[in-house]
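Each chain carries a letter (A, B, C, D and E) given by its place in the written order, and its residues are counted from 1.
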Amino acid sequence: MSVSDLSALNAQRATPGARVREVHDSFHGDLLEVSMGPHHPSTHGVFRMIVTLDGETIVKLKPVFGYLHRNHEKLGETVTYLGSMPYTDRLDYLSSMTNNWAYALAVEKLAGQAVPERAEYVRVILAELTRLLNHTCLAGFLMQDCGCSGTPLMYAFREREYILDLFESLSGSRMMCNYQRFGGCRVDPSADWLAGAQKLTDRYGTFLDEFETLLTGNEIIMARTQGVGKLSPELAISAGVTGPMLRATGVNYDLRKVDAYGVYPRFDFRVPLGDHGDVYDRYMIRVLEMRESIKILQQALAGLPAGPIMDPKAKLRSFRPKAGEAYGRIEGPKGEIGFYLLSDGSPNPYRYRIRPPSFINLTVLEDMCLGHTVADAVIILGSVDIVLGEVDR
Amino acid sequence: MLGTGLLQGLGVTAKNFVGSFHDPARLTTIEYPEVKTKLPEAYRNFPFLVTENATDPMGTLRCVACQICEKECPPQCIYIEKSKDKKPDATGKPQLFPAVFAIDTSVCMSCQICVEVCPFEAIKMDQVYEIATTDRFSALLLNREQLAKSNAYYHEIHPTEAAEVDARLAAERKAAEEKAAAAAAAKAAAAAAKASPVAKPPLTA
Amino acid sequence: MFKRDSEDCPLSQEVTPPPPAVTEAERDELRRQGILLTSLQELYTWGNSHSVWPLNFGLACCAIEMIAASMAKFDIARFGSEVFRPSPRQADLLIVSGTVTKKMAPQVIRLWNQMPEPKYCIAMGACAISGGPFKQGYNVLKGIDRFIPVDIYIPGCPPRPEALLHGLVQLQKKIQGFKLTGPDAPRHLRDDQPCNCPVPEFGEHDLEPPANPEVWTAPPAIVRKD
Amino acid sequence: MTLSGPLTFLLQLPLASAAGAADAFLERLPLVARDWVTSWLPEPWRWLVNSLLSIAVILSVFGLLFAYVTLAERKILGRIQNRPGPNRTPIPFTKLRFFGLAQPFADGVKSLTKEDVVPRGADHLLHFLAPVVLLAFSILTFAVIPYGRHLVPVELNAGVLYFFAAGAATELAVFMAGWASRNKYSLLAAMRALAQLISYELPLLLAWVPVVLVAGSLSTTEIVAAQAGWQFNVIPHWHVFTPWGAAGFAIFMIAALAESNRSPFDLPEAESELIAGHLTEYSGFKYALFFMAEYFGMIALSGMAITLFLGGWHAPSPYVEFIPSYVWFMGKLSALLLGFIWIRATFPRLRMDQLTRFAWKFLVPLALINLGNAAFWSLSFHWSGPFQILRWLISVLVVVGPFVLLGRKLSAGVAPRVYRYAV
Amino acid sequence: MESPEQIRDRLLARFPGAEISVVTNPGIAAQHSLLLGAAHARAIAEFLRDDPTLKLDQCSNVTGIDWPEKEIVETKNISTPDPANPAAPPKVVEQKTKRLQPGFLEVVYHLYSITHRHGPVIFRLRTGNRTDQATVPSLTPVWRSCEFQEREVFDLFGVTFVGHPDLRRILMWDEFKDHPMRRDYVEPDDYEWEPTPHGAVLEKAKAHYPTPPAPAAVAPVKGAVA
């Protein structure tokens, strides 16, 4: 590929995004095509980008997917509704609780299943813990991409272990919780567990303070991330970007407020918004969201009502919803995670579709990376917060 | 001023470095092979079959080979063959038992759905995780003999849950006994009634 | 049919003769040399077993637990293995941590071929062993051992980080049992064992070929009735 | 050859320690040991054996230091990250763990026995030469550093110049490695390395010119000698305790971080961007050589920083002078290496353009101003009384003023942000 | 928000002659959808996006659904009055008609409005059949978020999106020929050692091992792959 192809390349680009400076002189040589991934230390798994470079500046970036395409949707058609629940754990394997919830919500919509109040509260507690976990780990991974020698990631994983201990003692598994059921949750959290959650919630702010001292004010991180990978709100909306990435561009759209699912309307929390839509904003929005999550957790733990955890009418075996379709979505840590289910009245769904937030957020990856360097592409990808299990499904 | 953020960062790492020598919250490592994490009661890894009695594991399996778990298992890693004959279970009722019960742990996803759907409390989750092996085929396919573990072991790993299960089973057993006793009494009464010429003949032959 | 990836270590296509059996005389000779050889052997296995550098390579869910194993709570560094090398050229251990899809399999095999001997492979988690819960998927490889030799299998979905550490200890034990000569020698010290695995090609419906018969042998079939 | 030589030496030992600090027994111990060994040999061979012995000692001491710096790095990094680091590797043939002190040797044995892979398309000769050249030049720099009062391997008039000339040659080796590997990542890394090393060569050189200006010599021993003595028996006369010296030391250390490819300037081997950079295609012992050379470079630059700014082997206080000078040198060296490790554990990496901008727009102007500052300092050496205070004030101002102004310019547009909330 | 019927009526007024109908959802969720004809789909999509009261600026989800052709057996009771005896009750004949419902592929779009915070509005596009007319107009120029999702539907279902800027396979490799999410997709037979077979896998197992080998006499099968 030669330099003169650049203008053609820019012309081809269908959507408005960053355009690359066109140079037509003999000083700039040929373009270099580098395949980053599927084995690359900072593609967060097996993602692959084919990057065309002018020097170190990216003039073209094509993501290649499918290296972790595990056929979730096909398998979802061959197992029962209940059988798909453990598979949802393995979608976004950092936040299995919210995947569970999104799937349970879609099935409950499909079958008209009611959920007891206590279960709704427990779901909120677990979803917010998951949000803490996911955002903390993301900040660690992002800093790893920035070139920290593991220290922020270690601190993030130290805290992750505390949250995982909670998940494990409640659901029995560290990552693959398989905890929520249609019409409630599987086990009732004990008083000890709730005390543990309370202790963690009280302590988490202190950890965040220390974490932010290490990272947020760091001049190198600010220099690396501010003004890098800018995303305009118009493009973000058109490209279906959701979650913290959308809010970093300044669009006020949080499904917890918009859809008001579960018992979220009962809690008092704010939605942080960014103004620049760059990597730093995406990182900071997540940090600020964690602080709001702590507030939600405090309120949910204080207001947890007594009562059953499962709807007594809920069926576990031989669950056959009426024919019809339903789309249910929640605000996962990475964005809008939705499930589209089409039932033909049999025990297995006729069509089981996952709306993966990080896959759709990647639509704008090229637009964000153009004109930046390889080093920036790595942190832009990091700031999108992808988990390949969900991107490729 | 330029550099203050960097110095603060150095302060945080220094605090952790010094803290690792005196503060257990800053040295969180578990020296694994010597020290082991205390597993929570709920922890699950692979399923096992509960037997009433450790001395005769095959004779006292709770499993009646109803094959519900086999059907519900999402990755289809359970294989059961029913026995031809019946054996008396704990209540003395003749039941089928699994002639073959195999779980392929190289496929199992530890989802616990088999435990949830089992109506007989016969399959439970084990907590053994040190099972790395050099042999994929025979070592990872668990058969009936390898899967059977005693109820005492179940009590050891999941004490609260096992106590609940035992209480429930005892209640069911009691109810069944009472029902049986009632049925026997009714039968006796019916027999007595049959004996008396005045009474109507019983409806059931 | 096979695409040769690298000629660093050419794959002997012709049938290689089995290693010559050690004669009694040679055995005696070995015994006489014993002390030097065994101490050399012990030094070699000591160095190799306590400096296992894994490849910084994660595939799926298990990769997170692999990362967790290298983090503060479990700290794989205690075993000298926290040096996760990003380049396969400097790595000793390939931890196949997660589902290997058919699209990914050629790259994994390529990575394996790019690693210098002596190298080891751990199949971590159900998916890497057999395809696990995704076994019936159309894009999922039924176990990485169809293409590359695996030293240790760690079942679990995902295995706890301790289970990975346990697997690593097992691997260290295996390395410590290596002999430098004779039929018990590890793969890279023998001529009859391929050190490069052919990379399959993408076919119209499946990988071609779907398994490497030099590496993978199915056990006797278990035939079920019903 | 008779036995008399060694014996007389041994008899002289207690007498030697009776003299001043310069002749203390421990201070002279390395010399004594060397002379004891060479006294067994005929006269004409002595100079050769003498130099061979110095080489052997330097290589073994610094080889061992390299091994334990890697272990210390892993352990300190671990401690900073709330974990103990390598601690289980036993001593060979035993089961004694001994805090994992054998770990670097296990890595060494492993690296030695590892297969050496040369990619098919690589330039075989250059691929082989690169680590050798790098290591050779790194070792050459050890020749002129004064390790102790009597321990200078080679006395050169222009020792400092020699040091930096030899050090600059390592850039070539890094480029050779990147070019010869025939790998796109390696090539990108080689380009980065060249740009980075050349950019930082300038502030590195400009940072030590004031020292030469003030000390009036290019010889390392004389620079160390110029830093002898204490103000009021408390503050040593080290260059770092002057305003220009402190600034020069800071610039020197930052440039040294970049020259030795350490975080936050480890762009050529940026793991998260370029796999392993120019090392991507190196395996086995060649990789170990690279690794070794980089640590040697780091140690040598720290040694030079000690010589130039931290008073060389001088003790910090007259009351602890009884501790031999080479111990002080090693102590200072360890402290600087600890700093390298600490910085690595904390900071993320800069981007290429920021890295060069930092060198050209921040460090180079600061170093140039600092040169003027040093000139002023040496011209005003006779100021006394209140003028002494004025001298300090001016000098500090000349350091701090440009730092603040240039720093503000450098970090323009980069600041913490305030976020709004939607309720 | 307007109901699908209201939207349909407005659309019909705006685009006379367009094929628009409401597909009712019999389920409890009652998320009804609009079925659009291919001819006006692009214009309608733009209208939905730009209409000030709807302002459906986010296309959240694009789903493919495969409806293979199926045989529908309709039972009709035809009462024929007896011509001979008109007074008698008419003779009821049960007539079964077999009808082959043609198969088609369907693409479902879920739209939301971020500006007005409402949704979802669901609409469907259908292809003519499942083979040569498997095309629908691409809506990527309207909503950027359709770009990868439409590629995914193309890859897995084989729906060709006319007007898509970069229609390539996205999840499977380029050489792959099948469309695995279609309901009649047959996986390549890469049966291996299956100790716990069920259903289709059991059939495969039987096909691979028609006669159960005697456990003792069985030799390791080299790479039991088709």
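In the analysis below, contacts are C-beta pairs under 8 Å (C-beta built on N, C-alpha and C of every residue); 3 or more make two chains touch, one makes a residue touch a chain.
From a predicted model like this one, the values you see are computed outputs, not experimental measurements.
With steps allowed only between chains in touch, the distance from subunit D over to subunit E comes to 2. Of all the chains, the one whose CA centre sits at the greatest distance from that of subunit D is E.
Of all chains shown, the one whose average CA position lies nearest the global CA mean is A. Rounded to whole angstrom units, the spacing between the C-alpha centres of subunit C and subunit E is 43. One inter-chain figure worth recording: subunit B and subunit E are separated by 41 Å, centre to centre, where each centre is the mean of the chain's CA atoms. The residues of subunit C that reach two or more other chains are 56, 71-73, 75, 78, 86, 103, 133-134, 136, 138-139, 143, 157, 160, 219, 224, 226, listed in rising order. Under the contact definition stated at the top, the residues of subunit B that touch 2 or more other chains are 2-3, 6, 9, 12-13, 16, 27-29, 74, 76, 79, 104, 107, 109-110, 137.
Annotation for subunit E: residues 171-173, 180, 193, 195-197, 201 touch two or more other chains. By the contact rule set out at the top, the touching chain pairs are A-B, A-C, A-D, A-E, B-C, B-D, B-E, C-D, C-E. Chain contact summary for the complex, subunit B toward subunit D: residues 1-3, 6, 9-10, 12-14, 16-17, 19-21, 26-29.
Put simply, subunit D touches subunit A in their complex at residues 77, 80-83, 184-185, 188, 192, 263-264, 266-267, 270-275, 344-354, 411, 413-417, 419-423. Those residues of subunit C lying in contact with subunit A across their complex are 56-61, 63-65, 67-68, 71-73, 86, 88, 98-99, 101, 103-104, 107, 111, 127, 133-134, 136-140, 157-158, 160. Listed in rising order, the residues of subunit D touching subunit B in the complex are 76, 79-84, 342-343, 345-347, 403-404, 407-408, 410-411. Residues of subunit A that touch subunit C in their complex: 38-41, 45-46, 66-71, 74-75, 78, 86-87, 90, 93-94, 153-154, 157-158, 160-161, 174-176, 388-389, 392.
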